[in-house]
Amino acid sequence: MATQHSRSAARMMLAPAVILLLGWMLVPLIMTLLFSFKRYLPLRGGDLGWTGFDNYVRFVTSSAFWPSVQATLVIVLGTLLITVVFGVLLGILLNQPMWGQGVVRILVIAPFFVMPTVTALVWKNMFMDPVNGLFAHLWKFFGAAPVEWISDASLFSIVLIVSWQWLPFATLILLTAIQSLDGEQLEASEMDGAPVLKRFYYIILPHLGRAITIVILIETIFLLSIFAEIFVTTGGAFGSRTLTYLIFQRVLESQNVGLGSAGGVYAIILANIVAIFLMRIVGKNLDA
Amino acid sequence: MARAVTQKRKIINTAAAWAVGLLIFFPILWTILTSFKTEATAVADPPVFLAFDWTLANYHDVLERSNYARFLWNSIFIAGGSTILGLIVGIPAAWSMAFVPSNKTKDILLWMLSTKMLPAVGVLYPIYLIFIKLGLLDSRTGLIIVLMLMNLPIIVWMLYTYFKEIPGEILEAGRMDGAGLKDEILFILTPMAVPGIASTMLLNFILAWNEAFWTLNLTAAKAAPLTAFIASYSSPEGLFFAKLSAASTMAIAPILILGWFSQKQLVSGLTFGAVK
Amino acid sequence: MSTSFRALMGACAVGALATSAIAETTITVATVNNGDMIRMQSMMDDFNEKHPDIKVEWVTLEENVLRQRVTQDIATKGGQFDVMTIGMYEAPIWAANGWLVPMDDLSAEYDIDDILPAMRNGLSYEGTMYAAPFYGESSMVFYRTDLLEEAGLEMPAEPTWEFIREAAVAMTDKDNEIYGACLRGKAGWGDNMAFITSMANSFGARWFDENWQAQFDSPEWKEALTFYLDLMEEAGPPGASGNSFNENLTLFNQGKCGMWIDATVAASKLTDPNESVVADKVGYALAPHKDGVSKNGNWLWAWALGIPAGTQNEEAAKTFVEWATGTGYIEMVADKQGWANVPPGTRTSLYENPEYQKIPFAQVTLDSINSADPNNPTVDPVPYVGVQFAAIPEFAGIAGQVGQEFSAAVAGQQTAEEALEKAQDITSEEMEAAGY
């Protein structure tokens, strides 16, 4: 169908985006690779020469490495779980007939517009502060001792904050998918007297497979690199140091660019493992 | 009978949805309310919800201390610029992948997305050094370029999924009528794709507006947007909940209002191909 | 034409040239969002009046963000800032790298000899001052006179840690949200580590021995950290592991702290009735020491203005620095907002001023500052300079991580022994990596 003419035109139209992204990927990547094989300490005079794989060995053998991979996975998976489960439920709820649907939808998507720094500051200070936070007041009202969220439940707190941010996104995409579900089919099953759970499991859920995959893909991309939420709340303490945060500490706090760059290379490898894994699933779903 | 059931169900649905909606919205509402309290009231025990002396003093303080207008303008300029630039690069790319797919299309698309997974902090030094060389530090141009590149994969992906849903026959028909490639994109495709483009535009504007790593690290005074504005209000000395709330409200209000007014457009195109 | 006339002409010409050359000079000043710096920004009318040819752009950031931002910029010679707010930790390290403009040609009017010797030394490298102190601080004990009286105790001028513990426990009334000891617990080399390191000094501990070997396995460290953790558990507020200066200030001002050991600059904020509900019930004492140890647990710090070498606007930047850290600024603030609000801890003349001596915390602040000795901070000899830090480039990174371990111990997630063991490992590992 496509003519030779349109094929070459298409390539030309694709080229700028590909070239730009290639440059955006390769230039910093090559520099990072270069730095990662060097002793690069800005506070000690900068580039102090080649050092082989020292930085790579040091980065993984540091006691902070595996816990940081673990923290990364907990935050990503925890957030995905919460946003997808509640996203589906919320999507179904919002699809029901009700009064003021538009307003409710506005309320639900609002967190998505809030910048991460503000989100983290507000949650940390005004909700999770163990003395002046709203949660502390609430707990005391019910006679319980206030929870020290940031220190005693650091990962849970971060997952909660990040989930609040990303729930709207998941809800919107899943809601669109639910709306596209054939109403008649649902009604028919309702007439048949199929119980709610069964209807959900056999009709709604399979229909949402594709949407859920998309939500997981897009969210994972953003969640792997969350930073402000950790910087503002725990500063990486209490076991909430993710791989991204560990690199940040190496590069900016310790001013060890070589070591941080080696960490960056590891993070790229990890991200690509995740990416390949995800894209397998998505790729399959894209064909369907 | 059936009618009564529906009515009852509608009431339950409404109550449930509103409860959940308000719960989700509550942190924002609380921030806005707190911004009108005095610092002492903001930490009052027990907390006061509405019955306090409303004051604009915090906004007054914040406006006096910071050049809010400049931060705001920078945010608008940078987010807007990167979105427009992204669309200029992204629309042709998405068009090409959607209508003239090759066996590499899917790989290219997925590769584009994977570039977003590079941890920004890992490449901070390289980018900073490049920016020094190019004289782009603390310039809006520099940030526009970086944010455009960051969000380009999302732009292309969103547009691609949207374009794909446009039936190819319409384009065929246009071609029969002798429409050139340029006309095809301008007069046939674009009008049909407006909802998708609008939605992409909005989403990217939001993402660029909220980006807090590069906008903070690559700016000083001239190009600093609202993310840098907020960084001067986090944990200062003394009681700060009310001032923090006022600053937060000022940082998120423009985008919140924009989002609310355009939520129909945003929602209509925000599918990422989730619906087949 | 007489020589003097020619000289005058020349001077005019130079003057005209100079004005036209520096007209429209814009300098960018990076600073912390601390109260005194915010106040400085509200005083800019005076500067603009005196120097209409210099326009000042502010970049105000939260402390940790600011540190990373300016360090990154100066290390890469990014040239984004003409004046940077830095501390005693950065000044000597950066000066050694040749990154700062020496402050050795300031005007006679500036009177550099008036600067407190402790501050000047701390901001100098090889005898030359590289950053001008905007305000200086040590740390001391703030306590609630009413609560201490209720407890039937009296604060000695130089309390011991044992006394502090006794008083803290006696003052604590958790049901009424009164906590005897509000101490820093939030992780960060400038947060909990500033406090804990100073405290450890007063227990006879040190970071490194003369061969740069980490000393966290010493009995002194164990005693100090155990004491700190016990005190926090018995008399600390909830969430202490997240509290630093600002959080504790808020708690004290709300009347929820019995005692607080922190920066001397807090004094003016605690006694401001607009901010504090306990403004008239605050007492002061020198930072504690362990019975029999000669060092007090107080630190020494200054927020100072430094000028990065290579800036295009060095002259304008210097003009600004002289204005902001000169005696004229102090007098102006005193005039407009009262003596209690002037930036403290930088100038001898301030402490000799009879007006300032009337401020209740003036003398104890000066005594605290004078009792801290960065060149000789610990009981046993050390190879580093600095009281609550070691002025080596690696320190911030190491202490940041050690601080997280200690903070986790405050949160009850590990014991003192575990935290110290990890601290020892982290420090040894990093020092080895740095080639010590």
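Which chain is which? They are A, B and C, in the order written, and residues in each are numbered from 1.
To be clear about the criterion, a residue touches a chain if its C-beta (ideal position, glycine included) is under 8 Å from a C-beta of that chain, and two chains touch if they have at least 3 such contacts.
A quick note: this is a predicted structure, and the numbers were derived from the prediction, not measured.
The greatest centre-to-centre gap from chain A, using C-alpha centroids, is found for C. Chains joined by the most contact pairs: A-B. Annotation: 15 Å between the Cα-based centres of chain A and chain B. One finds 39 Å separating the Cα centroids of chain B and chain C. Centroid to centroid, with C-alpha atoms defining each point, chain A and chain C lie 37 Å apart.
Each of the following residues of chain C touches two or more other chains: 72, 76, 250.
Among the residues of chain A, those touching two or more other chains are numbered 132, 252.
In chain B, the residues that touch at least two other chains are 43, 124-125, 129, 231, 234-235.
Every residue of chain A that touches chain B in the complex is listed here, in rising order: 1-2, 5-7, 9-11, 13-14, 16-18, 20-21, 24-25, 27-29, 31-32, 35, 90, 93-94, 96-101, 103-119, 121-123, 125-127, 132, 134, 137, 141, 164, 167-168, 172-177, 180, 210-211, 214-215, 217-218, 221-222, 224-225, 227-228, 232, 243-244, 247-248, 251-252, 257, 260-261, 263-265, 267-268, 271-272, 274-275, 279, 282-283, 286, 288. Looking at the complex, you find that chain B touches chain C at residues 43, 64-66, 124-125, 128-129, 131-132, 137-138, 216-217, 220-222, 224, 228, 231-240. Those residues of chain A whose C-beta lies close enough to touch chain C in the complex are 41-46, 58, 62-64, 129-132, 136, 145-146, 148, 150-152, 235-239, 241, 249-250, 252-256, 259. By the touch criterion stated above, chain B contacts chain A in their complex at residues 6, 9-10, 13-14, 16-18, 20-22, 24-25, 27-28, 30-31, 34, 43, 45-47, 89-90, 92-93, 95-97, 99-100, 102, 106, 108, 110, 112-127, 129-130, 149, 152-154, 156, 168, 172, 181, 206, 209-210, 212-213, 226-227, 230-231, 234-235, 241, 244-245, 248, 251-252, 255-256, 259-260, 263, 266-267, 270-276. On the chain C side of its complex with chain B, the touching residues are 28, 30, 33-35, 38, 41-42, 57-62, 65, 69, 72-73, 76-81, 245-247, 249-250, 253-254, 269, 275.
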